[in-house]
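Everything below concerns the one structure shown next.
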Amino acid sequence: MHKVVLIGAGRIGRIHAKNAAFNPRIELAGVVDAIDASAQSLAAEYACPVLSLDQAMDDPSVAGVIIASSTDTHLDYSVRAAATGKAIFCEKPIDQDLARARSAANVLSKAKLLLAFNRRFDPNFQALKARLDSGAIGTLETLQITSNDPSPPPPSYVAVSGGLFKDMAIHDFDMARWLLGEEAVEVYAAGSCLVDPEIGKLGDVDTARTVLKTASGRICVISNSRRSGFGYDQRIEAYASAGMVRADNVTESTVQVWSENGAAADRFQNFFLDRYAEAYRREMDHFADMLDGADASVGYADGVNALALAEAAAESVKTGAPVRI
Amino acid sequence: MHKVVLIGAGRIGRIHAKNAAFNPRIELAGVVDAIDASAQSLAAEYACPVLSLDQAMDDPSVAGVIIASSTDTHLDYSVRAAATGKAIFCEKPIDQDLARARSAANVLSKAKLLLAFNRRFDPNFQALKARLDSGAIGTLETLQITSNDPSPPPPSYVAVSGGLFKDMAIHDFDMARWLLGEEAVEVYAAGSCLVDPEIGKLGDVDTARTVLKTASGRICVISNSRRSGFGYDQRIEAYASAGMVRADNVTESTVQVWSENGAAADRFQNFFLDRYAEAYRREMDHFADMLDGADASVGYADGVNALALAEAAAESVKTGAPVRI
Amino acid sequence: MHKVVLIGAGRIGRIHAKNAAFNPRIELAGVVDAIDASAQSLAAEYACPVLSLDQAMDDPSVAGVIIASSTDTHLDYSVRAAATGKAIFCEKPIDQDLARARSAANVLSKAKLLLAFNRRFDPNFQALKARLDSGAIGTLETLQITSNDPSPPPPSYVAVSGGLFKDMAIHDFDMARWLLGEEAVEVYAAGSCLVDPEIGKLGDVDTARTVLKTASGRICVISNSRRSGFGYDQRIEAYASAGMVRADNVTESTVQVWSENGAAADRFQNFFLDRYAEAYRREMDHFADMLDGADASVGYADGVNALALAEAAAESVKTGAPVRI
Amino acid sequence: MHKVVLIGAGRIGRIHAKNAAFNPRIELAGVVDAIDASAQSLAAEYACPVLSLDQAMDDPSVAGVIIASSTDTHLDYSVRAAATGKAIFCEKPIDQDLARARSAANVLSKAKLLLAFNRRFDPNFQALKARLDSGAIGTLETLQITSNDPSPPPPSYVAVSGGLFKDMAIHDFDMARWLLGEEAVEVYAAGSCLVDPEIGKLGDVDTARTVLKTASGRICVISNSRRSGFGYDQRIEAYASAGMVRADNVTESTVQVWSENGAAADRFQNFFLDRYAEAYRREMDHFADMLDGADASVGYADGVNALALAEAAAESVKTGAPVRI
């Protein structure tokens, strides 16, 4: 069992705490949080101590840290943990600022760092990737990534989120890179404020379409909205030379009702923690692999490159022109 | 072009008239109906004469007759047409009485007679049959035939219909025979009156489950109800040694709405003339094949055998015991 | 935390051990198994002691027992645990012999006993039940329960299984009773040996269709095969007065491939432990509810009544006639 | 019955001939084709005369013309027919050259001209439009139009086709305008040659993504490929403020096979004449409405505006920048 400390006892931190605690290869050895009550409550739940950040970082018996604190701490905590040789499980994004994120390259590009893009661990998207990799439908040509939240966050959240591209589409940029197998060389994005005018007042968009193009001519479209109106809408269509593979949304059950209105399937899952529960488990299991010696399957460079695409998309919306990467 | 006369200008007769008129190998050469106004109106539509039954039967230039008159005339008209050597397109059922139907065997088993079980010509059921015949999923073992009407007919219709098994399930008995490739040797049926108490008062059931068993042990279940509540519900599942093939219901369009209630497909088709429009066209085209010399793919013996199963099922409901065929 | 001991460390016992250990209200306090190595290995995994049956039964601090040992012990162990006032989680079936099962009525009908029909806890079947109970599609009329295993068990298993109806369809009889809301008064079953001739040599069938009829005329068909050819095939269609609700099979992922062969969805789940993983978790959570004071939602009488239907179905296959209950 | 003459007896002309001949309100009064054998053969099939263009245009008893001749004749023939007051059914596109198309505005904007964008008459897309118009899912925000052909045409066809945007995407530009209910003000397109290098050598692309933006901020993405690899791939997703409505592809039958590979639906329709057979019938029926006095639901201005979007998209691919309309 590898000792791991959780930094950040908020909503996502609690998910990681549970998955770490139930992982047979990980011992949840402590919880760190700036808000003491949060740390206490979570630590009590898993019968482990509350620690200060220094205690966690300085304890050589701690093999890994899970960084689930606020975004502005991700980079610093990662750098500090890297200096002690600990394995790092860092929530996305690596940072909101591309230049700052890049400034840590010397340290972090060599660190044992898992950048926690959870969708890479989703069984459905993994199954899609496996079909593509199998070659059964030929060579990938184009991607359609649909990624809509059920309903918009409050403007207070939007104000500090970094904007739609860094906050929400960052996942899709990572998925695009993962599936395209090739970096985008050009980014064009069209954005609108159609869902909530308050979001527009903050200088952000709530609806966007982003077109990525790679050197070999592959094209990817990312569709984002802060509000689907029907649930968590996360789908991918990948066209290849001999067909198409897609991963569809997840419904709450397999139940259908046939009535005079037609055939109605159950609701779509409405909450990312439900939709990605298994992804979070697999992600933590991959962190256990890393503690056992494996390399991270997604790391610092992926975080930086996705962030670069997010910045380019935001710039494209501002200028109205495509941006070369 | 083969000259064909339609006998019976009712609802189903009008369908056959249209398909005959638009078939490039058939000339609709006349309409016969006991109700003169019906005959006149349909004949006018297709610019052909109204004929008496004798005129139709006695005209040697008439190569075929379409018998779409009332059920109690099917057998007599078929026998008369057979005597003149005409090709016969006879609506189902061949008769409501098994003994009477059998009494015409001498004449009709040698006649060029198409017994118009329209479902055999449905593209979906034909595609299902083709998959089974291809051997791709191995040897057929069991069948589930679901056959529910959208809503019950008026009691006045039920009273003269011959009962659920002869009126409605007769189609399913034919489908079962067609797909099983083997005659049933035992029939058990459970029936209830759950939809409309008036139907029960007439001594009929409106809900039934019939189990057919063949000599080799294949089992078929037929599910019938006079009311589905959602449309025309005609489905088949065929289990074979290496998988299952099924034909599903038909929706009015491919449109789906995703809302907070889930994913709703369009309504199911609600009317057999819509659901089987293409089947009726193909059926008439097969009659043209027969006029060109081909054998009927479904004929007198099929009508008799389906009727025998219907009588057995009705008897099983009455006695509560399985019936040996 | 309620102390619970597991009796039986086989395949299904291991599932229950894990769910008990991870349930926040249950403490897995010991493992009992006739084979010491099995008990040792499972106990080590969850850091709890190996106990003798007497130790488990006689310890007043043990609030509940999970009986996952061989079928012939279910009844005796349940009776013994009931005598000490412990809550009982008993695997299905309650026994293979109806008369014997009934003989324990005095003790067990008053015991706090959960008869572990796992499908009642499946989220999909629960969602189906909820739709029916909501009244949104009217009053239930008929049921179609499809229940096919992926592939047949070895003849050695079949020989001691109690036969298809007691071993496999017992689940479906329970589902039928649960959903019909009314006892069956008549049972007819047709059975064949189509999958594996060895099963036939043992006097069993591997393919069956069972028709249940209730006093009010509701009809339920249960379709069973020891081999679907495509995975774990567990589906229900419930027709009610205003429509139909169904629970469908579960695929391994949401991935579809569109190629020149058509649209292919992922494989169906192939193993009951995968298909019902969540059901087993919810089942254990319901046991925790019982330890907190709640009544069992499914108990001894349900086990006996399902067994009575299984015996009736087996008799019907033998005699060829329907059996009155 | 309105007398109508067909000009152009090629593949699409034959479809229109059949639908005109079978339409109860239309009399197919003649066929015109530069290739006499084509005209003769089609005229014989429907028992109507072969006419010269002059005969057709100059005959005042001819109420309408169907222009299905080569693209470069569409505009001239329309102008000539308009001058005689005939109703015009003109195949798309109105012309390959936007300036030329616009030059006929004086005459054609007042003509009774149906520009035959067949997809507007497809029952599935009409059902989608009806759902949007019903307001049931709120206000339209974004559109995703997918439009891929089964396999690429020969380079010889591509060379004279006007390019992917004018030849293929022109339908999608029309659908976008029809559904958006608002003109696009900006067009960005990314194009690649991924399917057939010969197409690239001709200066064309075979794969494209086009982003349209309207004044109110609605965004539409059009996805095109000359080769889907699985059939005729024509789908639309329309996101509105309270959900999403989509029209899906059409399969050849409702048949599914469940095997160890999963659940496979039938192939998708592979040919536009099958997919849009009903659309062509409805289109002709709308022309009959026009002959009865109705206005065209889609006309000259629609043809010009779709062409303007196609030119803008082609320019955007060339310059790499969005184009203002």
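By letter and in written order, the chains are A, B, C and D; residue numbering begins at 1 in each of them.
Going forward, a contact is a pair of C-beta atoms (placed from the backbone, for glycine too) under 8 Å apart; a residue touches a chain by one contact, two chains touch by 3 or more.
The model shown is predicted, which means the values in this text are computed figures rather than measured ones.
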item: Selected pair, greater C-beta contact count between A-C and A-B; value: A-C
item: Taking each chain's C-alpha mean as its centre, the one farthest from chain A; value: B
item: Centroid spacing, where centroids are CA-atom means, of chain A and chain C in whole angstrom; value: 39
item: Centroid distance [mean C-alpha coordinates] between chain B and chain A, Å; value: 57
item: Set of chain A residues in contact with two or more other chains; value: 137, 228-230, 242-244, 258-260, 266
item: Chain B - residues contacting chain C, complex; value: 137-138, 141-142, 144, 146, 148, 186, 188, 190, 192-195, 207-209, 211, 213, 217-219, 221, 223, 225, 228-230, 233, 239-244, 320-322
item: Residue ranges of chain C in contact with chain A within the complex; value: 22, 123-124, 127-128, 131, 136-137, 242-250, 252-260, 266
item: Footprint of chain C on chain D - complex, ascending; value: 228-231, 233, 251, 258-268
